[in-house]
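Below are the structure tokens for one structure; questions will follow.
Chains: A, B and C, in written order; residue numbering restarts at 1 for each.
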Amino acid sequence: MRRSLSTVLRVVIFTCAIWPVLRAEDLEADSHRFVLIDTQSGQWVREKTLSSKNFDGIAKASGWSVRKEVLHGGKQNGVDLITIENGAMAFRVIPTRGMSILDVEINDFRIGWESPVKEVVHPQWVNLESRGGIGWLEGFNEWMVRCGLEFAGHPGVDQFTDNTGAEAEMMLTLHGKVGNIPASRVELLIDKAPPHRIRLRGTVHESMLFGPKLKLTTEVSTIPGSTELTISDEVTNIGSDPQEIQLIYHTNFGVPLLSEGANFIAPVQSVQPMNAAATEDIDAPWTYAAPTKGYIEKVYLMKLYADANSETLVCLKNSEGNRAATIRYNVDQLPCFTLWKNLTTIENGYVTGLEPGTSYPFNRSVERPHGRIPVLAADETRQFTLTYEFMNSTQQINESIEEIRKLQNDRPTEILQDPPE
Amino acid sequence: MRRSLSTVLRVVIFTCAIWPVLRAEDLEADSHRFVLIDTQSGQWVREKTLSSKNFDGIAKASGWSVRKEVLHGGKQNGVDLITIENGAMAFRVIPTRGMSILDVEINDFRIGWESPVKEVVHPQWVNLESRGGIGWLEGFNEWMVRCGLEFAGHPGVDQFTDNTGAEAEMMLTLHGKVGNIPASRVELLIDKAPPHRIRLRGTVHESMLFGPKLKLTTEVSTIPGSTELTISDEVTNIGSDPQEIQLIYHTNFGVPLLSEGANFIAPVQSVQPMNAAATEDIDAPWTYAAPTKGYIEKVYLMKLYADANSETLVCLKNSEGNRAATIRYNVDQLPCFTLWKNLTTIENGYVTGLEPGTSYPFNRSVERPHGRIPVLAADETRQFTLTYEFMNSTQQINESIEEIRKLQNDRPTEILQDPPE
Amino acid sequence: MRRSLSTVLRVVIFTCAIWPVLRAEDLEADSHRFVLIDTQSGQWVREKTLSSKNFDGIAKASGWSVRKEVLHGGKQNGVDLITIENGAMAFRVIPTRGMSILDVEINDFRIGWESPVKEVVHPQWVNLESRGGIGWLEGFNEWMVRCGLEFAGHPGVDQFTDNTGAEAEMMLTLHGKVGNIPASRVELLIDKAPPHRIRLRGTVHESMLFGPKLKLTTEVSTIPGSTELTISDEVTNIGSDPQEIQLIYHTNFGVPLLSEGANFIAPVQSVQPMNAAATEDIDAPWTYAAPTKGYIEKVYLMKLYADANSETLVCLKNSEGNRAATIRYNVDQLPCFTLWKNLTTIENGYVTGLEPGTSYPFNRSVERPHGRIPVLAADETRQFTLTYEFMNSTQQINESIEEIRKLQNDRPTEILQDPPE
């Protein structure tokens, strides 16, 4: 008797797992669309796997799947996680953490880094104001996390307009809030036409009375079978007053891609140390040392050359020269490139950050007089597009390096020896 | 096979939905009583609808229902929400946010406001200390939210007694904590005798070692078929030392009730601007402008006339004069009335606040020397009762205005031109 | 029809309750092992009771049980709680609150205290930085809570190394963070060999980039049928730089064990008041007064005599002399003993704390120059073992007192009259 009920239970649980059934909406549209989270309509899918097997028609491409789940236990209890497996690689997106991307995996080769933070931390455990404004670090372990939107840089006091309309001061916290705000809406789209691009869209609101009213609409997408992913973001000021924004794509690489002898390759127009430690090897910041006990982080501020369409390309190549990651983006959208080298021990968080941004990671009060803070008018939207590619062929890597060489086009790299005042 | 199990599943889920069965307790009492949340006994009803259909006897009045649910996704994940539909209007109470009332709806006419905050924000996302102490605003979108209990006004440093018994300083945060504390007990009562008043009671504790030990027992009630709701609150000092308390009923109205030409009507004994912006139209603060870009909030501090029982009445009337909301309350309980005009654009949060309080919304350190902070002795309880009525007949509105005129009784309104020092 | 489905439902729910089945792992090991929470593998048992009835063999000792549950409602919503009933006593461990022990119960005699905080507070409600750094108190109601690991004492500014490697300042908050960090892994072990000790192990990480990388592995264990429990903790520095640690076992007793005439008995080498109020009865801090209105907490700093193995013993005896609790521990591990007397009214939190620690509860900046902050080298582990015994026989109590007398061995107690400067 018990056995048969147990069987019933399993079927019931299985049925639960595929219920609520994801419905493809907008049948006339270009994509199959599935809503995973929508706070306005109250939709929220706890667990669900959707895969190419669910499609009889054209979308049944090379063995892709998308899995939505909820993590349990410790600081990750209640975190929504979405894993997109495209047939050639898998990556994990965290709606609960502002649609950050936890990591990418290609045939057991993990792109990401070993942070001292091991769990996917629910933001309820992160007090951004703690430790003098660097509480953000208590949840930081993603491969790609956005810094922003109201502010994106170092902690410290800056001005804002308070609820009486007066200029007041507030503590800006490290790298802003958007990486610790949950998405209000998440939807999955599968293009009906080849190559059946898989798109995961998330909407994150950084909005309040007497504060910013910013909406981030982010899309991370990939083509089945490729080792490329594209982030297409829009930031909209839905308030009626002009609003400063900052956005830095804090993309982090540790072992195994990063190791002694790895190289950063980019068409560098100028480079300047951000901190004193970085002055040491300002003449050759392009190479990486082995994990080093007592290493003090070094940060470099760069301007990059781009093509006629303002497109540029940067590359992180492993020491063997047979693995690389590239980022292709637009320097009009993201004029400031920051290279972060934190070549400490593995235990302490050996990592390098490749960080295209609207700004450098100084406090907003520093960035403002340099004109490095975009201001969005009411209803204005700004777009940011970055394409990441993961390579494991020397030929492919060499082609990328050749492309970067052409972008440099024998033009000089200005090296400023000292940090800005 | 699968189909029949699916049917089983639906029945099981349906059965789950009405289980745990709400039991009417205290059968000899005046009310049917249903416990929805009780942390002491561990009771917590996830989802449940109770309606007049469940009653065969006298309580089967005009088509009322009460629905308890849990919200999902984004910042509202895990928020308990209770919707009371009384046959003539519906209102939504948020146990997770100190029993605040999200909004009221009467035949598709919504009483509330359009905050830039769109979700019902779980307090885990609100750091009251952020932005220099105005983090409260990151969750603020209710029609009625209590400010209090230990402090209720503007942020800023004030004194308190620390854990060594010494006078220390602490940062008071905007509007206090009670609106971001979840209720520890929530129960629904249906009066057995006509008119079968529906009562939702919640208990909220603001209590800690070396801090306040205050208990808020709140009741919001309504009579089936009416467009009136009554808030009956008790604040008790369950500690053994005298304890200051502050309580402001921050009741907020936006479109459609508020628009250009709407009017505030009250028996005003005195009015004074709270901030510089409010001095501009201190001679006629009673009227409302259209949404105005760049509008700086204006705040007015009032004393109101009352009748022999200390009862007073205020009214917010729409521009057409065919819709209004009134608040009837006791000026001995709530001697300070604050009118908040934030006539900015719709996007930025066009709203007016009618705010009966024990105090004005200055920092507690400002209110104290003016004697505007009640002190509760050990075990002392103070009561606060407010009745809100929503009108859509010109005649009914005119009767209210006439009542207010009689309260004024041709007595003068003292207009102070400048804010307090 | 409905009835039978309801029956199905109950069976389904029952089956759910024992599913996921706890599997005894490591069959060759010394213990039956059951994983309750493990964030790495994604395991998390919502509700489960395991008892001696589940064992046919040798572990079927005297009627013990272990129950894992999740609390609901108010500030305790989502809190994991584990109750261990060993046949002679029961105690409740809170994985969500750093493996603190809520209370102990022996035949309806509760060891613990009546805090103004009544719920088992989920740390999401605790802002450690609030009230000038004493937000910790908003969740404080446990019988035994660890203070630590990076810092454990009073709030206030101290130095730390920031993300640029520079010496910066940060606000240390009262009693540190570990009591408000959830365990990442919890497992239950039942020894296969007599006396079949029941062990609950939890791992708590206080770890971040540019911050501490500390791992607390805690075990609380008890022998079926005994009234003794043992805490065996290990703190490991998993970072590669030396790391300061602090740990205080804040063990708290209120009524009924504590009342007028209760006594603290210990082999005291020296005692000094920590605060001004404590100077009053510095000559006889060993006795307790009745709950006293307006009582200011008194804190005493002690050094204790120990035996040749550095083991010491302290005792709290009730006024009748027929109930007592003792703590046996090692003064090399925990050289600082703090006695906290907060003999205020019951409502305000009548309690005494017996607090063996690596340090006294001054701010870390005060403890450091006195050499009272252990520094762990990379990979270094330090152990802390404390055995608590609960007695209800005069003879047993007298034997403990006699043992303490022998530890004192007629040696003097140095009484310092004034607090340290």
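The rule is simple: contacts are C-beta pairs under 8 Å (C-beta built on N, C-alpha and C of every residue); 3 or more make two chains touch, one makes a residue touch a chain.
All values derive from a computational prediction rather than experimental measurement.
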item: Cα-superposition angle relating the copies chain B and chain A, to nearest 5°; value: 120
item: Interface residue identity across copies chain A, chain C - same or different by half; value: different
item: Cα-centroid distance, chain A relative to chain C, in whole angstrom; value: 40
item: Chain B, residues touching no fewer than two other chains; value: 8, 12, 78, 124, 127, 129
item: Residues on chain C engaged by chain A in the complex (per definition of touch); value: 8, 11-12, 15-16, 19, 37-40, 42-44, 78, 123-124, 127-129, 160, 162-165, 168-171, 173, 181-185, 205, 207-211, 213, 238-241, 378
item: Touch list for chain C against partner chain B, complex; value: 2, 5-6, 8-9, 12, 71-78, 115-119, 124-125, 127, 129-132, 134, 137-138, 140, 174, 275, 277, 293-294, 296-297, 342, 344-345, 347-349
